Structure formats: structure tokens, C-alpha cells
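Please read through the structure below; I'll follow up with questions.
Each chain gets a letter, A, B and C, in the order it is written, and its residues are counted from 1.
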Amino acid sequence: MTLRNRWRKTLSYIMLSLTGVCAVVAVAILFLILGYLVYNGWRSVDWNFLTKLPKSPGETGGGMANAIVGSFQIILLATVIGLPIGFMAGVYLSEFGGKTFAFLVRYMADLLNGVPSIVIGIFAYAVVVIPMHGNSASAGGLALAVMLIPITARSTEQFMSSVPQTLREGALALGASKWKTIATVVVPAAHRGIATGMILGVARIAGEAAPLLFTSGNNDYISSGFSQPTASLPVMIFLRATSPYDDWHRQAWAAGMVLLLLVLFANIAARLILSRGIAVQR
Amino acid sequence: MATTAASSAPPSGGAQVWLKRLRSGDEVARLITLVFASIILVLTVGLVYQLWATSSMPRHKFGFTFLTSSLWNPVTGQFGALPFIYGTVVTSAIALLIAVPLGVGAAIFLSELAPPRISSLFTFFIELLAAVPSVIYGLLAIFTLVPLMRDYVEPFLKKTLGVVPVFGGAIYGFGYLTAAVILAVMTLPFIISISREALLEVPTEQREAALALGATRWESTWQAVVPYARLGIFGSIFLALARALGETMAVTMVIGNDPSIHASLFAPGYTIAAVIANEFAEASGDLHVQSLVELGLVLFLLTIMINALARLLIIATTRRGSAQS
Amino acid sequence: MKKSSVWLGVFSALAILLAVAQAKVLINAAGATFPYPIYGKWFEEFARKNGDVQINYQSIGSGGGIRQFSEGTVDFGASDMPMTDEQIGKFKNKPLHFPTVLGGIVPTYNIPGVTQELKFTPEALVGIYLGKIKKWNDPELTKANPGVRLPDNEIVVVHRSEGSGTSFVFTDYLSKVSPEWKSKVGVNSAVSWPCGIGGKGNEGVTGVVKQTPNSIGYVELIYALQNKMAYGWVRNSSGTYLKADLDSVTEAAASVANTMPADFRVTITNPPGKKAYPIATFTWLLIPSKVEDAGKQKAITAFLHWMLADGQKFAAPLGYAPLPKDVVAKEEKQITLIK
């Protein structure tokens, strides 16, 4: 073998090993993140953390009950508004869509998907916070709903379009109207994918802090109703992490661990549902 | 409704069909879902309108000099976007510089070399990385990355490359470079996932043809397969860029919050998203608030342009299916 | 799908339950981070004494407090910087300033290997924040600290990133002791800082200094104390080096004892007096003179009465100085102006 060929062979070996290293590094990052959060956070997730309200700075023993409940409130509102709208829009795009209007809707949905979440926060501020004269869970919920709608619409459309046309034709041939076909044949056929898309969408918005900073704000108490400023886990993590108090840092780690585990769990569950075909209970 | 049709002259064929569909509920269903779909249009138009309308004061006052002025002084009422545009571009560019080689390399491994089970397992984990919220990246960055950069990486770079002003200057730990590193970690999964898909689409003939001509495995990959998929890979890079430009929380927590332009990467800076996050809730005076909204508008336009480019490239790979060399 | 709808039902029920369960008076306030440790304690204690009032205070900085108070998105605000005439002019009914406590701003630092307390001349502080004094072993610092081995490390300057009353007081002090600072940078809640990193809130600045070696920041005394951080002595106008504490901060207010204006808007930086700490300030609650909701009006006035009496007892343990007696008396009278 000539020297040049030996060099080419060696180079090939080196470069390909490097790519392997890159892949291992990428995967390792995930486990580093998870490991670090669990290591720092699991000791701090105690009864206090889950049930107590925050204490004034410098005092120990406070918790994040307000943020846990607040996150649920805001996400609940966002899903109640966002999922139905997104789902229906997805049904339109896949089943009824014409040429130009559907193209426009698709284009705008993709556009909204790419908008940085802080800009959506500005929108929600202008539309909800200013008229309501204050921060509220409604404003935060709306901001997250605006993010959830295009995600849900596109994923619903994607899974419904992938249902084979023969299923539809079969139902239509039997005399069912179009909407009956959609409701009883197409949607059930695609329900696993649709559910997956929804779960992933909710998991995505659950972790957002930027759009909540000046819409739902923060509250040291559990917020009553949807028109008061409301705490949320991501915002609390931000506030606690940038503070100097060690006790607050511990709480930030704990909250980070709780949030990450919930998000990862949702993601893993969604993907398993999709790939393994585990039936979602009706 | 049907009765009016019966009382006058028989309706034309089209209207008859429409009425039939209406009665069977299909038209109703179409209209209902149409309304929901148009909500998306309304939201998008509303968003753009709000951004435009709520930034009227600085647009009239500063015009295009808003984009070129580097002075951001809420007290004297002078607002210039340049430091933020600079910070956004610099951190994103450096993030890509780090993430693209790493990401494309990993994508090559996962598509070409790894056995299918490892490939899907690794891809599964990498896609989970994309689901980690930004604020958690920020939390980790403050307590692990910043000390690492401050105590080891930046002093090392300063010692070896310190002659270049980019690597000179005081070391804070917080700054452009640290923000770029965390952005690189955050954009990595997107580059890997999309590039891998683009590479998987390359027909095996390309690979085999190169190998048949005597190329080594690497040469066949690098010179035949990757160029074939280059549109998709570029698409993934632009997508990653669009995400990096808009990243808020992780960057806010490590960039140092200094609204000025510095040559050194170790220096503190600011990005558009970070300044909005920090100053919006307490901006004093309408001009200040509206200037922040105008910054949001700039960011919005920047990200949709790059997203549009990314999507074009990705669509081009899937539709045309062949790259022009 | 059924499972998820059950969960949906559970959470909606929870949310509705919470909405109905609380018939309390809910008051939202926001503002200065300077007094946040004591305000947090006060609102907690007050809520314990009066179970039907809940005051949610968000420490976002004095700038934010004034802004949200002006926009009406909070019921009252808090600031270490008195509102300007221009800001007051925007109100239909003139807002009222209520001083709550006195506090001192200390230069806190994190220098590896230096455990002693450093002495800072006014020129040193000006030079550091102007970016002219770049290293810890600069002559301006070493000559004031003869016994201390200051390292040859670059100073990491930390300031506030948002509109801050603490910044206002600090820059007010720097402007009074340095004409150069006054002309180059000036006095305000948010200035164009010549150098350094920005931290969010007193909490943020303390956090950055705590984690960053060779850094210096200006924070309220309690933040340095609670986080066991070193802070320096500052030389006052009489030439004495003083630490911020109960006596020196109270002395600083003594200089305006007889000249306190009726609306309580005053600065007490760099006062005369041998024992007066040079960087001290009152901090104010910004209360509207007309509160629409009767329940809120009752709650706010009740809180103010409590604050001026029992509340003052919490000040000293948290490193703040209580208000002088004559100021308390004047404030009691001002409460009657709240309708």
C-alpha cells in the first residue's frame, strides 16, 4: 500500500471516530444535565418545598406551593384555549382545506411557531395586561395558548393527513357524510398521533418562562382565580437562581428537577405511545 | 332555508349540492373548522399589528437610526438597537461555530456508521435534549458553565490566543462566550436531528458509487453523501440560527447585561431577547417601553426571515430530492 | 384520552375551588429590592395578624415600582428614589410618599485571600466605577488599607441592570463627591455605566458578587449580612471611616431632622456629621391618595398604622434603622389623607 493510501485510510478512521465522539458527547450532555439536576435537586424536594409558600429573603423553610399550583392554573388555561382551536384548525387543514386559504393558514402557523416566545409575551401584554390593568394568569395562559395553537394545528394536520384515503372512501361509500367520516373514522385512526402532538405541545409550553415574565408575573401566594398575578415554576426558577441565597438556590434546583422530570416524562410517554402503539385509553 | 329554494325557480346545480351538504352537516363542519383555522390568521396578523402599532413612537422619532445607534440610555431618552443586534448576532454566530461541526459530525455518525438500534436510541436521547426548557439550561449555566468558563476556559484562551483582541480583556465568566456556549448546547439537537434525516435520504447508490471508485469510507461520506444532503443540512443550520436568535432565559442569565458593544468575547453584552426580558416589566416611560417593543419587532422580522429560508431549504431537499452540484 | 380528561377535570375543580375559597382582600404591590427583606417579613407578619388581607409584593426594582404604580397595575409601589415632579404630575390624585425604614448601601466585595474589612475612600469608589481603577492593588486602595495584601487582579465591577433606587442613591453619592462622575455619568435610577456587569435587583448583584472572585458591588446592608459577605468601610464627609450600622445610618437621617419636607421626598447622601454614614437613604412606599376599593383602602391604612408602630421593631434585627420619631408622627398624619 502506498503512503498516500495509508494516509487516506488513517484519515478515514480518525474522522469517522471523531463523528462517533460527537454523537457520544451530544448524548452525554443530556445525561449530565439530568444527573446534575437530580443530584442537586432531589434532596431539596421535601414536604416544605411542595406545600409551603415562599418566605421572605434570607429565611429558610419556604417552598414553592404557589408556583406548582400557579403553573397548573396557567397551563390549564392555555390547554383549554389552545388545544381545541389547534385541533379544529388541524382538522380543517387536513380535511377541508382548499388551496390558497389552507396554504395561508399553514404558512402563518409555521410563522407563529418560529416567533420567539418573548415576542409572544409582548403581544399578550398589549392584549390582556394593559386592558386588565395588571398581571394575571389569563395573560400568561393566553400567551402560552398562542404558542400551543400552531403546534397542535400542524401536528393534528400531519397525523390526520397520513390516514390512508381508503379509510375515508370506505366510510363515504357506506353513505356516511364527510363530517361523520372525520369524526368516527379519521380521527380515531389518527388519535394516537394527535394525542402525542398535544402532549408534546403542552410539555413544550410548560417549560416556558419568557412569555410569563411580564404577563402572569409572580405571586408569593397561591393565586385565586385567573385575574391575579400568578407564580409559575419556570419564573420561580429564574428568580431563585439569580438570587444570592443558598436556600433559594436549593429550591431552584428542586424546581428545575421537578420541571425537567415532568417535561421528559411527557416526551418519553408521547414517543412511546406513538412508536410502540400502546393504545391510549378512550 | 330549503323552503325558499322550493318556492322560487329551481336552483342551479351548484347551490343544490351546497344545500345538500349543508343539510348533511358537512358545510357546517367545514365552516366551523374554517373559523378555527382563521383564528391562526387573526392571531398572526394581530401580533404583527400590535408590534407595529406599539412601536410607533421610537419609529417616528429615530427612524432607521434606531438600528445604527449604539447608545441605549433610558434616562436621556436615547435608544439605539445596535448593541443588542450585535450581541444577538455574535452569540448566535459563535454558537453555530461550535454546534455545527459537533452536530453534523454526530449526524454523520448516526446516519452512516451506527447500527440502526444505536442510531435510534441515540437520536431518541438527543431529541429529548431539545425538550429541556430554556430556564433550566440557564440554571445549569449559572452554576456550572460560568465558573468553568471563568476559571479554566477563558484564562486558557487568553493565555494562548490573547494577542487577538477577541480573546483579550477582563474575564468575568458572564459574557458573550458563555452565552454562545450555552446556545450551542441548546441548538445542537436541532442540527443533529434534521441533518440526520437529510443524510438518511441520500440514496445508497451515491455511497456505493464512491466506494466502488476506491474512496475510503470517510471520503465517500464526506465527498459524496454529505454534499448530496447539503441543502437539508443548511436548512438545519438556519433553523438552529433562528432558534438561537430568539433564545431568552438561558442567555439572560449568563450574558452580563451590558448594553454596549465590546470586541472581546469575554466581555459582558446584551441580546435583544435578554434586554426585553430584563427591562420590559419596569421600563419607565412610553418611549422606553415602545423602544423595547420595536426591538421585539426587529427580532420578529429577523427570525421569520431566517425561518423562511430554513424551511425553503428543507422543503427543497425533500421535494426535489437531488442536489445540484 | 379518558384519563387525561379526568385529570383536566380535577385541575379545573381545584382552580375553581381556589377561586371561590378565598374571599380575602388581595393587594398587589411591587417595587424596590432594597427593602425587600423587611417588606417580606412585614407583609408576612401583617397577614398573620389580619388573616383576611394578603399583600403580594414583587421586588422588581424601584423603577418598576414607580412604573407599575403609575400605570395602575399594582395597588401601591415602593421605591428608594423619591418620585420626580414629572412622575407625580401624571397622576390625577397626587400620590403619597411614606418613608418606611432607613438603610445603608455598602460596597460588598469578593477578593480571594482577603478576609479583612477594606476601607474605601470616595475617590476609590468613583475610580472603580468609572473604570479608571482597574486592579485591586491600585495605590488609591492600598494607601487606605496599609495592612492588607491586595492582589494584582482585575476588579470585576457589578452594577444594576435595571432602573434601581439603590443605583439612584449610589450615583447621587458619587455625584456629590466627584464632579467628574456628575458630569460624565450623573445621577439616576438607570445610568450609562462606564464598565461592569449588570445584576438584576439587589439580589442579583449580591448573587454575582458572591460567585465571582475579585468583584465589587453596591447593595443594601442586609444582603451582605445575610449572605455572610465582606463589605467595606466608607469615608464620610468629615473624614471618618464608617461601617453601615444602626447608629451611623440613623445619624445620616439626623441631618434632615428639621428640614424634612412635607411630602417626605429627601436625600441624605454624604451628610455632614462625624458619625453619619455617607451612603444612606430612606425608602418609601408610594400610596395613592384615593383608593377606589373600600376593602383595599381599609387594609392599606391599617397596614401603614401597623408599620409605623409594631413594624418598626423588625427593622434593627434586619439591619435597617427605624424611622425617627418625628417622622413617624408626621406620617401618622399623612395616613388620614388616604381616602
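We adopt the following convention: a residue touches a chain if its C-beta (ideal position, glycine included) is under 8 Å from a C-beta of that chain, and two chains touch if they have at least 3 such contacts.
These figures come from a predicted structure and were not determined experimentally.
Each chain gets a centre from the mean of its Cα atoms; the one farthest from the centre of chain A is C. Two chain pairs, B-C and A-C, are compared here, and A-C has more C-beta pairs in contact (counted per touch definition above). Inter-chain spacing, taken between the CA centroids of chain A and chain B, is 16 Å. In terms of their C-alpha centroids, the spacing between chain B and chain C amounts to 38 Å.
Centroid to centroid, with C-alpha atoms defining each point, chain A and chain C lie 37 Å apart. Contacts with at least two other chains are made by residues 199-200 of chain C.
Residues of chain A in contact with at least two other chains: 217, 242.
For chain B, residues that reach two or more other chains under the stated contact definition are 142, 281. Residue ranges on chain B touching chain A, taken from their complex, read 21, 24-26, 28-30, 32-34, 36-41, 43-44, 46-47, 50-51, 54, 101-103, 105-106, 108-110, 112-114, 122, 124-129, 131-140, 142-144, 185, 188-189, 192, 216-219, 221-222, 242, 245-249, 253, 273, 276-277, 280-281, 292-293, 296, 299-300, 303-304, 307, 311.
Those residues of chain C that touch chain B in the shared complex are 60-61, 63-68, 134, 154, 156, 161-163, 186, 188-193, 196-200, 208, 211-213.
The part of chain A that touches chain C in the complex is made up of residues 55-59, 69, 72-73, 76, 79-80, 129, 133-135, 191, 195, 217-226, 228-229, 242-245, 280-282. Across the interface of their complex, chain A is touched by residues 1-4, 8, 11-12, 14-15, 18-19, 21-22, 24, 26, 28, 36-41, 43-44, 54, 56-58, 71-74, 199-201, 203-204, 206-207, 210, 222-223, 226-227 of chain C. Partner chain C is touched in their complex by these residues of chain B: 71, 73-75, 142, 146-147, 150, 170-174, 256-258, 268, 278-279, 281-285.
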